[in-house]
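Pasting the structures in now, so scroll down.
The following pair of complexes shares a single chain, subunit A, combined with subunit B in the former and subunit C in the latter.
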Partner chain A sequence: MGTSTTFVAHPPRRRFAPPQDEVLQLRGDMRREDSSVTRRQGSPFTGLGPVFMKELADHLSSVRMMVLTLFVLAFGAFPVASSLQTLRTVVDPNSFLFLRIFTLEPEQVGISFIAALNFIIPLMGIGLGFDSVNSEFNRRTLSRVLSQPIYRDALLLGKFLAGLATFAVALVALWLIVFGAGLLLLGVPPRGVEVARGLGFLVVAIAYGGVWLAIAMLFSVIFRSTATSALCALGLWLFFFLLWPQLASAIVSGVAPSEIRSLEEYAAVQDIAMALMRLSPGTLFSEAVLGLLSPETRTLGPMLPAQMRGAIMGAPLPFDQSLLLIWPQITGLIAGMIVVFAAAYVVFQREEVRA
Partner chain B sequence: MRAPLALLALLLVLPAFLTLAGAQAQGDPAGVKGLFLLTDYPSQTVRAGEVTTIRVKVKNAGLLPQPLALALSGVPASWKIDVLGGGQPVGAVMAGVNQDVTIQLRVEVPKEASPGSQTVVLTAKGPLGQQASLPLTLTVGTEAPAKLSLKSRLPSLRGTPRSAFEYTLTVGNDSGRDLTVALAAQGPANFQSSFTEGFGSNEISSIPIEPGQTKDIKLKVMPPRDVKAGDYPVLVKVAAEGATAEVRVTLQVSGQGKLALSTKDGRLSGEAEIGKTSTYTLVLTNDGTAAVDDVELSGTVPSNWKVEFNPKSIAAIAPNDKKDVQVLVTPADKAIAGDYVASFRAAARGEQASADFRITVTTSTLWGIVGIGIIAVALLVLLGAVARFGRR
Partner chain C sequence: MADTVIEARGLTKVYGTHRAVDAIDFSIRRGEIFGLLGPNGAGKTTTILMMLGLTETSGGSVDVLGFDPVRQPLEVKRRVGYLPDAVGFYDHLTARENLRYTARLLAIPRRDAEKRIADAMESVQLADVLDRRVATFSRGMRQRLGIAEIVMKKAEVAILDEPTSGLDPHSTFELLEMIRGLKRAGVAVLLSSHLLDRVQSVCDRVALFNEGRIALMGTVVELANQVLGAGHPILVEATGADIAGTLRGIEGVQSVVPEGPQGAEGGAWRVVADRDVRATVAHRIVTTGGALTRLADLQPSLEEVYTRYFEEARRAA
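The block that comes next holds the complex of A and B.
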């Protein structure tokens, strides 16, 4: 990575909107150019700041963002209001009262706040990212942007980070509303460990949103049509939510031995099923949130009776142990986000941008 | 004047007594006929200023039942003698054939009555001339002192500091009147004693005893738990109207060891990492009064865990002594993080102690580092892509 900080310090950069004939020529030796040893000068992240700020401003002032936020608020407010109602009337012996706002499944609603978020966060990520690149194509503004001293790297990363920041702003607002409502209606201040677990939940939720944002951006890079990319992203979302659980259990029943003889075999089959389910980011998110917001969760997989003996059930795990328990899930979400973004990056870099 | 009267009465009653004695000697009471007035003690002591009750039986042997008028003669002036039947003053009795009727003479002797003998004659007279009379010689005596007796059936009992020592005592009233006997026991400090009636469960502090009767009471002594081995005397005292009696009972308390299992700071929880051995220090204390011998240590831990003690057994712990024991706990390799209960026991002859230990099992942070490594690999992939596909 270079160290230069200003545009002036660079030698004039090759523009990505060259005259037509030059482009044709360029297309011819694209391969060669890529594989050649020509190194670019300067940091690939030059111009990341302006792109990020502009995109963020666009996002935050857009009507779409308003709609999405309202959508999330409406989805989140209903379970939270109901669970607060329940918590106010029913004596809950749980010592993590504040976290119960998130995890309680109110009778009237039948869906907890985190379950609602599990469903709605992908929609928000898709909504923020599905047209981030191809709309610039379609409006023919991409070549103009790239004619500025801005690398494609910076453009894509700036767009991604701006989307992630927008998403984080909305989520933090929602989180604060929930905590504030809890303070107001429960009248009990949250304990430090509850706040820490809540913040961990926030991080996990942002990573989860980042995965879907990266997926949406990948489709927006692959497909020129915004409708197609939106359709593909939404299709993947529906696939993971509706089809994948059935598909996973079908695969497991195909793989599993016809007769399960021992507990160990049963546990092994369960492990396969869990591993398949964990390919879906939604599963990773719900498991990570379960570990964070339900401190009494000891394991996410099946628990053998031998492991249960002598265990004090219902005793909460310390925060660091809960983090260790869900660390693979958090890792998976963050690494998945990075890998999908890397894929989008590779596709974007190999794409041709024309005026 | 009194002497001839008494003589007369004697003459009157004598044939009756003789015939009765003769009948008893023959073993044929049916042959005896007549009317009799009977009492157990025709000559007895009364006390000035007090009321004495004399029971008299009117017996009709083989005569037709007739109302018999009762009369008293020879009652000294200022004395008051009432004839009572069934608690009421009566003037006549009627006894069936071969049956008897009990009446009481309630003799009220004035305080100022002078010592000496008085003879009172009770006469029962029927309309057909049958008649019986009973001379009673009442001697006004000085007040006989109350007298009590106290005996213990088993004066020495043996037990541990935790046992209750129960002594059965017999209190006797050797005086001529009802006494309410107060009970007291003097033991060493902190010894708790209580009295109960023979078979009752109520604690009592005093007990009424009729003249000449005895009553069984129980004394229960509880020594304090931390009492040392030895003999402890308890002095039992009964008292009534200036009369006292006492008896000494002994508690032979044998020492007993008492084990307690805890840790140095009393905290019964600890942490352990999966698959790694953690060491906790337990403290065995003997709170008892005798040494505890052959203490064996054992523990119950969740399955597939390992538990070891160092030392495994202790030869003896003296009273008020402490011994440290190291316990090494290794959670199973497949244990799940969380809280578990392990119970440790120390058992000696007749004595045992146990403690539940809460062990918080933690997982190693190795996988956390692996996770960070995975993220680092993902970032490296991204950087590689940047290096490979980055455009000039």
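The block that comes next holds the complex of A and C.
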């Protein structure tokens, strides 16, 4: 009050009052500073390297990793051996002989190698991730590790990347074994395009494993008990494999019109069914693998007569066209992996450190 | 003040509607051992986590070595060693491998790290089990390994959460010796505990927590004066006629209260005077024909302060 009367008593002093827009400018600066107050300093990736290396070493030397590898070998060896047996004795008209090792459904086994992988890869992802965060809680190491100069970001990302790297190592080894066995038993070297498609398959398989690793890690962040998180992840796996196909077709028959009159209507119903099925990562994986390893695949949905025009049935597509066909599936898998990881990240950031 | 390492002003943490920590203020100086005392759930661990930036503050501010744990947690965590309540290590790794992991997280160069690890393990007398797996370690050894981690880190501030809980008396004694060692090395130590007599022996200053607030803060003697009243308490056990009257008649005596469950019949009194009146008491009782069986100087104990304070707090509630 006193100052304002002084101002009135000495009008010339008003000159020193800052112009209105300058005041606004000043307020703007203050606001900008306010927002920087809550911003944390330092890179979120500080310490990522040590966490990654430690987790990788833990994974590679763990008994669990050996069990998982044995699991894959047991499940994979039989279909691969049977496929090779068949390919050696029966003259296959297909020119992509090496890819047939993956996709052939031998009569004795009734399951192809990729179908076995479709089933086993989630199990590996879950096995590598289901206790990654909650075990740190239970061993009471989390608060000690987080009191070192790292952010939680680095811990979670390091664990995820280490799990993914471990999985990739196992898968590459498996892939090399299959190609090596093919080389030995078939006696012909793989063609360049077969290797390229095989490598594409590796990328898809790693992304698929990444989705399940992220899911397992999400549960390991949510649940303090490792048994609960393993159970939930396995439950989701069984749900997608056993229940979801039935559930999806039930939903479709509920939504679909009682009488399908035109081809368009039929295609629309099929689209819904496909879209529902593709919510399962397993579907995305098998579609992507189908496009890559069976070059004659032209479409993943129902084939309309218009699409058949001019096509030579059974003729293989060039690699880039196959890649184009399954591009949405690959993106879907990678996006799914990132989305689930992001969810785990958000939950982890909000979690209280204290036991 | 230049030698203040931690300064909290109005520090608050709210969980839902529960105020776990309610606007506390304190400061810790370089090279002192500061004790956070209080019952479980009084907000000690929450306060510690806020100082490390491991949990967000709901209000107020805390300054650790000139850094803000909310904005600059990495800087704070680089300089502050933390030993959590019941610290855990990776059981499948050896002590050396566990510390090596910490050293990597701290970005200590490899060759430097090996020497620092060896020195730190030496200082906590664990050098002979350096290459044993932590799974075989006892609880006391794990706590010492936690101290070794702080030593290796060359932390300026050590925050120890219930460092002695669950330890046998001998391990506790050893651990407290190591905490004194940290102080001698110029490290400011903040420790939380509910084991009072242990804490009393090492702490320079203590803060008494109650329901998220600091109820009392200062040296043990200051707290005793605040809670138990100023003066010089002594314990007198004697038999004879009207001992209480005799005691009250002594110059300087402020109060005479029967001590023990039997009250006045028990023949024991707690006498508080404004000076040491033991000699006079002995003389008077003997000259009035009484038999003096015990005369003891009562050191203010933290336990007593604590018990008395919470009794009063409960009565007031």
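Heads up, the rule we're going with is that the second predicted complex is superposed on the first by the 315 of 355 C-alpha atoms of A that agree within 3 Å, B and C clash if a C-alpha of one lies under 4 Å from a C-alpha of the other, contacts with A are read in each partner's own complex, and residues count from 1 in each chain.
What we mean here is this: a residue touches a chain if its C-beta (ideal position, glycine included) is under 8 Å from a C-beta of that chain, and two chains touch if they have at least 3 such contacts.
Values in this document were obtained by computation on a predicted structure and should not be read as measured data.
Aligning the shared subunit A places subunit B and subunit C next to each other free of steric conflict. Residue contacts after overlaying the shared chain place A:Tyr151 against subunit B and subunit C alike.
Of the two partner chains placed by superposition, A:Arg88 touches none, neither subunit B nor subunit C.
In the superposed pair of complexes, A:Arg309 makes contact with subunit B only, with no contact to subunit C. In the superposed model, A:Arg64 lies in contact with neither subunit B nor subunit C. Which of subunit B and subunit C touches more residues of subunit A: that partner is B. Annotation: superposed on chain A, subunit B and subunit C show a minimal Cα-Cα gap of 5 Å.
Overlaid on A, the two complexes show subunit B and subunit C touching the same residues of subunit A, namely 38-41, 151.
Residues 45-46, 49, 52, 54-55, 70-75, 77-78, 80-92, 101-102, 104-107, 146, 149 of subunit C touch subunit A in their complex. Interface residues of subunit A, counted against subunit B in their complex, comprise 13-14, 33-34, 38-41, 44, 151-153, 298-299, 303-304, 306-307, 309-312, 315, 317-318, 320-321, 323-325, 327-328, 330-332, 334-336, 338-339, 341-342, 345-346, 349-350.
Within the complex, the subunit B residues that touch subunit A are 300-305, 332, 334-342, 358, 360, 362-363, 365, 367-368, 371-372, 374-375, 377-379, 381-382, 385-386, 389-392.
Those residues of subunit A that touch subunit C in the shared complex are 37-42, 46-47, 49-51, 53-54, 58, 139-141, 143-151, 352-355.
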